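First the structure, in the form of structure tokens, and then the observations on it.
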Amino acid sequence: MQNNIKRIEIITDAIYQSRLIKLLDDTGIPGYTIFKDVAGKGLKGEKDGHGLGSGFKNVYILIYCELELVKKLTDAVRPVIETFGGVCVVSDAHWIIHN
Amino acid sequence: MQNNIKRIEIITDAIYQSRLIKLLDDTGIPGYTIFKDVAGKGLKGEKDGHGLGSGFKNVYILIYCELELVKKLTDAVRPVIETFGGVCVVSDAHWIIHN
Amino acid sequence: MQNNIKRIEIITDAIYQSRLIKLLDDTGIPGYTIFKDVAGKGLKGEKDGHGLGSGFKNVYILIYCELELVKKLTDAVRPVIETFGGVCVVSDAHWIIHN
Amino acid sequence: MDLTQILHNFFAPPVPFFFIGMIAILLKSDLEIPDQISKFISMYLLMAIGFKGGVELHASGINREVALILIICSLMAGIIPIYCYRILRFKLDVPNAAALAAAFGSVSAVTFITAGNILDGAGIPYGGVMIAAMALMESPSIIIGVILYRKYNKKADHGFHLNFTELLREACLNGSIVVLLGSLMVGLASNEHGMKIMEPFTGGIFKGMLSFFLLDMGVIAGKRLGALKSAGWFLIGFGIFIPLLNAVIAIGLAYFLGLSPGNAFMFTVLFASASYVAVPAAMRVAIPDANPGIYVPVALAITFPFNIVVGLPLYYYLVQCIHA
Amino acid sequence: MDLTQILHNFFAPPVPFFFIGMIAILLKSDLEIPDQISKFISMYLLMAIGFKGGVELHASGINREVALILIICSLMAGIIPIYCYRILRFKLDVPNAAALAAAFGSVSAVTFITAGNILDGAGIPYGGVMIAAMALMESPSIIIGVILYRKYNKKADHGFHLNFTELLREACLNGSIVVLLGSLMVGLASNEHGMKIMEPFTGGIFKGMLSFFLLDMGVIAGKRLGALKSAGWFLIGFGIFIPLLNAVIAIGLAYFLGLSPGNAFMFTVLFASASYVAVPAAMRVAIPDANPGIYVPVALAITFPFNIVVGLPLYYYLVQCIHA
Amino acid sequence: MDLTQILHNFFAPPVPFFFIGMIAILLKSDLEIPDQISKFISMYLLMAIGFKGGVELHASGINREVALILIICSLMAGIIPIYCYRILRFKLDVPNAAALAAAFGSVSAVTFITAGNILDGAGIPYGGVMIAAMALMESPSIIIGVILYRKYNKKADHGFHLNFTELLREACLNGSIVVLLGSLMVGLASNEHGMKIMEPFTGGIFKGMLSFFLLDMGVIAGKRLGALKSAGWFLIGFGIFIPLLNAVIAIGLAYFLGLSPGNAFMFTVLFASASYVAVPAAMRVAIPDANPGIYVPVALAITFPFNIVVGLPLYYYLVQCIHA
């Protein structure tokens, strides 16, 4: 199948979402998808999604992009993840339809 | 690992969800999973999830299916994505448990 | 790219979430991410997310883990999925950042 | 109070919203009440009704009649599933028969609340004990349902099995029961003053919130109607016949016990309604091989609307006749 | 009632919350009203206003004036989009012009409710018919918008096209209309008693809920303001000019029809406001190549605040002058 | 008013719901208040209390006492974190000590509202200024917390660092403060009439909404209790000792300033309570290497319940003694 792309997944505290999105926008990537109200567990303990503020919640961001952009993107995201915690994972995928 | 399958991801406007699901049902695929209240940015601008109607929201649909079904499925989805915008991406996966 | 990992996805009834999480915790996996309020369709019919209890809802759990853990994990999850329905799928991925 | 008066009560604010919701869905409107709002209003209704029940129980005190009603309701919540199971086994397999039987042993809180609303409209009092009885009817029906399933199910068990403690917790400590019993206890401990400061919340906006909730129930029931096509005539008949049968039993018992008209009516509604929230949730875990696509729609899309439209006026009428 | 009095009404509880929300966003506060709460309160407002309208229509009866108002409003909801479309075509392409024109044919329910709130504060009555008229103005504007689009759009059609039945359903059966018309009918069927038991919900907490909702509207409008930078001066001018034009037409018509001051004011608000929820949702499906990033912000971030701040007091003043 | 009377107030409607929630969770019930509903009710409470405070401030006017209270509260919100930090450093590292210290400088709005509710029950008035003071105490504690962290933290800084503008915005413009101050200002600008039309919303249903919210707080606190096992005795002791220490300071200051009993009590509650929503949210961003699994549970699962059960009656009793 032609049209290979990369699929980048970022999970971090919901509270840093707006900062992260700003960084993403600055890299010039054409699109991303955001899943809010995500719970989980990691090195920084459990995020059960409960509580008032977004203190115990994650955000999950999904980005499809060309291979060339991956480095630029992960370089932008790295300081946030390293300061605030979370994960960034990449895998392979293919465009089928992209309008 | 045996039991190769394809993993199809569709992201489009929440407002078209019911139409899209109907198309999927018509192809006879055995299952799909729907994530509502998804935000994002793409060619059609930002969907921040805010506002009253579902005007500024996306829906994310995940389908695991056999290789043979991929073409049938994407053919069904294509007119919706091409008319209304969004993306459709495929990647590889394996069944582990499917009851 | 170095740092190969596996990406495990589990989808089942929301009502079994706490049981499943307990099983996952017992395997000693370092992290997982939970998406609530997920709808879908499968062998057990449609889950439209409507209704009062979580009777007609799914939960989607995403786990990144080392290859070695996959078997232990799926063995733990198998009885739940086989009793209560749902799917478990694995695919390949790579760590980029993991703080 | 004659029939026109009764009918009028059914077209007064709360009830018609149920039909607006249902009809909208049948006409394929996109009307949808957000999920969390449904849960909020349902918890609100339980809190309000529980508190009111507690305050009334405080006024009436816990006497022999109260104890008797509680005991009989608990017993019947265990007995109803047994004969329902027998009937259902004509057409259904063991897990589905057991799960559906359990639903009929328990109560639909919204049907109960709507019934209370009709009594309010007619100025007829009923005791806070009926609300306590509602809370008590859930656990026995769940437990009997599971016992029936475990006794008659021949299929080999999978590795996953609830032990009795888990079952009991599922049966006695689900969120709805906690809110209902909790606020009943708060009401019981409150004096006049407590009642007065809570009134605008538990009383004032109650009918409006109930209207909103019934709109939502209409939407949900409308969405579940489709599942009945596959269910077939047997289940539709069952969903109408059992309420009637249980109502007759209840009215007889109520007469025998000498209950007041208000209590007799609410007593009848407890027997005649079926649970489509709490019991199904428990069944999901305890009887995983039963199909919620069967047991939820029967209770929600047949018995519930039947009770609202035909059942409540009919039971009311019968209770009135006997007490006249 | 003089200008200071009018101004004072605008700083009384509900309205200032809109500005608190908007200013907070402009200062980059993280203030955000949860999504499902927005929907709940918006449904609540429609239910409350619909019910009140029904009760008032019940009292007034359906006479010749009522029928006339309904007919004229429906007609104008179809005519306004036509001249808006002509004007918009100077700068916009066919799909965007048609979609935005449709929004101006219809009504902003919150503007309408805020206007009603001002009349309440001033003790001026208006008829329940105005609420029915609001419900009737949505469908014609959607249908005319789509007709304009289909007639003038030269681009080849994609495979996906709404047929007329689907279009009609989209135009007449969206959730907001169902709730509004449904509760209007319930109100119409209710007597004094029904009104009284619903009052704490539909009346008592109404201003508070409206305050909360306007806070949310301020937040949403604040977030959409950014989109106007790209929209440019033409659209900003359009979003201010059309309400004024429509208001003048409405005031003239109202005078001609001999409407009471309250009705004349609400009639003007129906014409002068633009829809940013229901019509855009329909446009999304029916005119997929129009950009919601254009038609939503014009109605929501220009016309809506303009009407709240300048429009309502102005229309009110003009109506008062004519009737003095 | 003697001790039994005081105790009775604590078993009147709102408070017991906290324990129902907490006990349900400890018994592993699945009781859960939906997320967005929590946020809605918490915004509602802030809006209602802010509005009421504004109306009262309007009545009392802004005099010397008012100004004095505001200044002292702001100062103390900066001073409390300093001595808390010193104490906490015995066992915690710099980031965690700074973050937890900041939480104690600020206020728990729910504790404050529950305290106000007790005064209402006892018919003792308190000034709207106390509500303004609550709003003012958040920013200083956040800023001092961050200054302590930046001054004493030796670890090399990562690339990500809030500049002072961002910090200030985080400290002064979070959603809760905006709603509280916004509605305080609306209340301040309202006259009698504005107060009356908002009353059913801000007053009537207030106790009921507070009950619902405390139920939720009980659930959340119950879920966070587990985290305390790892926290150990030092933090548990800290979460109890600091409220007592701060209360003594507050009662002394209040006596010295000649505050009325109502004001003195609320003043004490401001000092003795700790923030578990707004400050932790700011700390999350400003002190990312502190562990929210430490600072949230101390404020939420120790200090909050301690204040509700032991603190409020005790402070109330002490204030009464001094004023007798």
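A, B, C, D, E and F are the chain letters, set down in written order, and residue numbers restart from 1 in every chain.
In the analysis below, a contact is a pair of C-beta atoms (placed from the backbone, for glycine too) under 8 Å apart; a residue touches a chain by one contact, two chains touch by 3 or more.
Worth saying up front: this structure is predicted, and the values here are computed from it rather than measured.
Contact with chain D and chain E alike is made by F.
Taken over every residue number at the interface, the positions common to chain B and chain C amount to under half, indicating a different-residue contact. Per-chain Cα centroids separate chain A from chain B by 19 Å. Per-chain CA centroids place chain B at a distance of 34 Å from chain E.
Put simply, the C-alpha centre of chain C and that of chain F have 38 angstrom between them. Chain E has residues 30, 32, 35-37, 39, 200, 204-205 in contact with two or more other chains.
Multi-chain contact residues of chain C, defined as those touching 2 or more other chains: 35, 37, 49, 82, 85, 91-92. Those chain pairs judged to touch are A-B, A-C, A-F, B-C, B-E, C-D, D-E, D-F, E-F.
Taken in their complex, chain E has these residues touching chain D: 35-37, 39-40, 43-44, 47-48, 51, 169, 173-175, 178-179, 182-183, 185-186, 189-190, 193-194, 197-198, 200-202, 204-205. Only residues 32, 35, 38-39, 42, 158-160, 219-220, 223-224, 276-278, 280-281, 284-285, 288, 291-293, 296, 300 of chain F touch chain A when the two sit together in their complex.
Against chain F, the residues of chain A that register as touching in their complex are 13, 15-16, 37, 44-46, 48-56, 79-80, 82-85. By the touch rule above, chain C contacts chain A in their complex via residues 1, 5, 7, 25, 30-37, 64, 91-99. In the complex of the two chains, the chain D residues touching chain E come out as 11-13, 16-17, 20, 24, 27-37, 121, 200, 204-205, 207-209, 211-212, 215.
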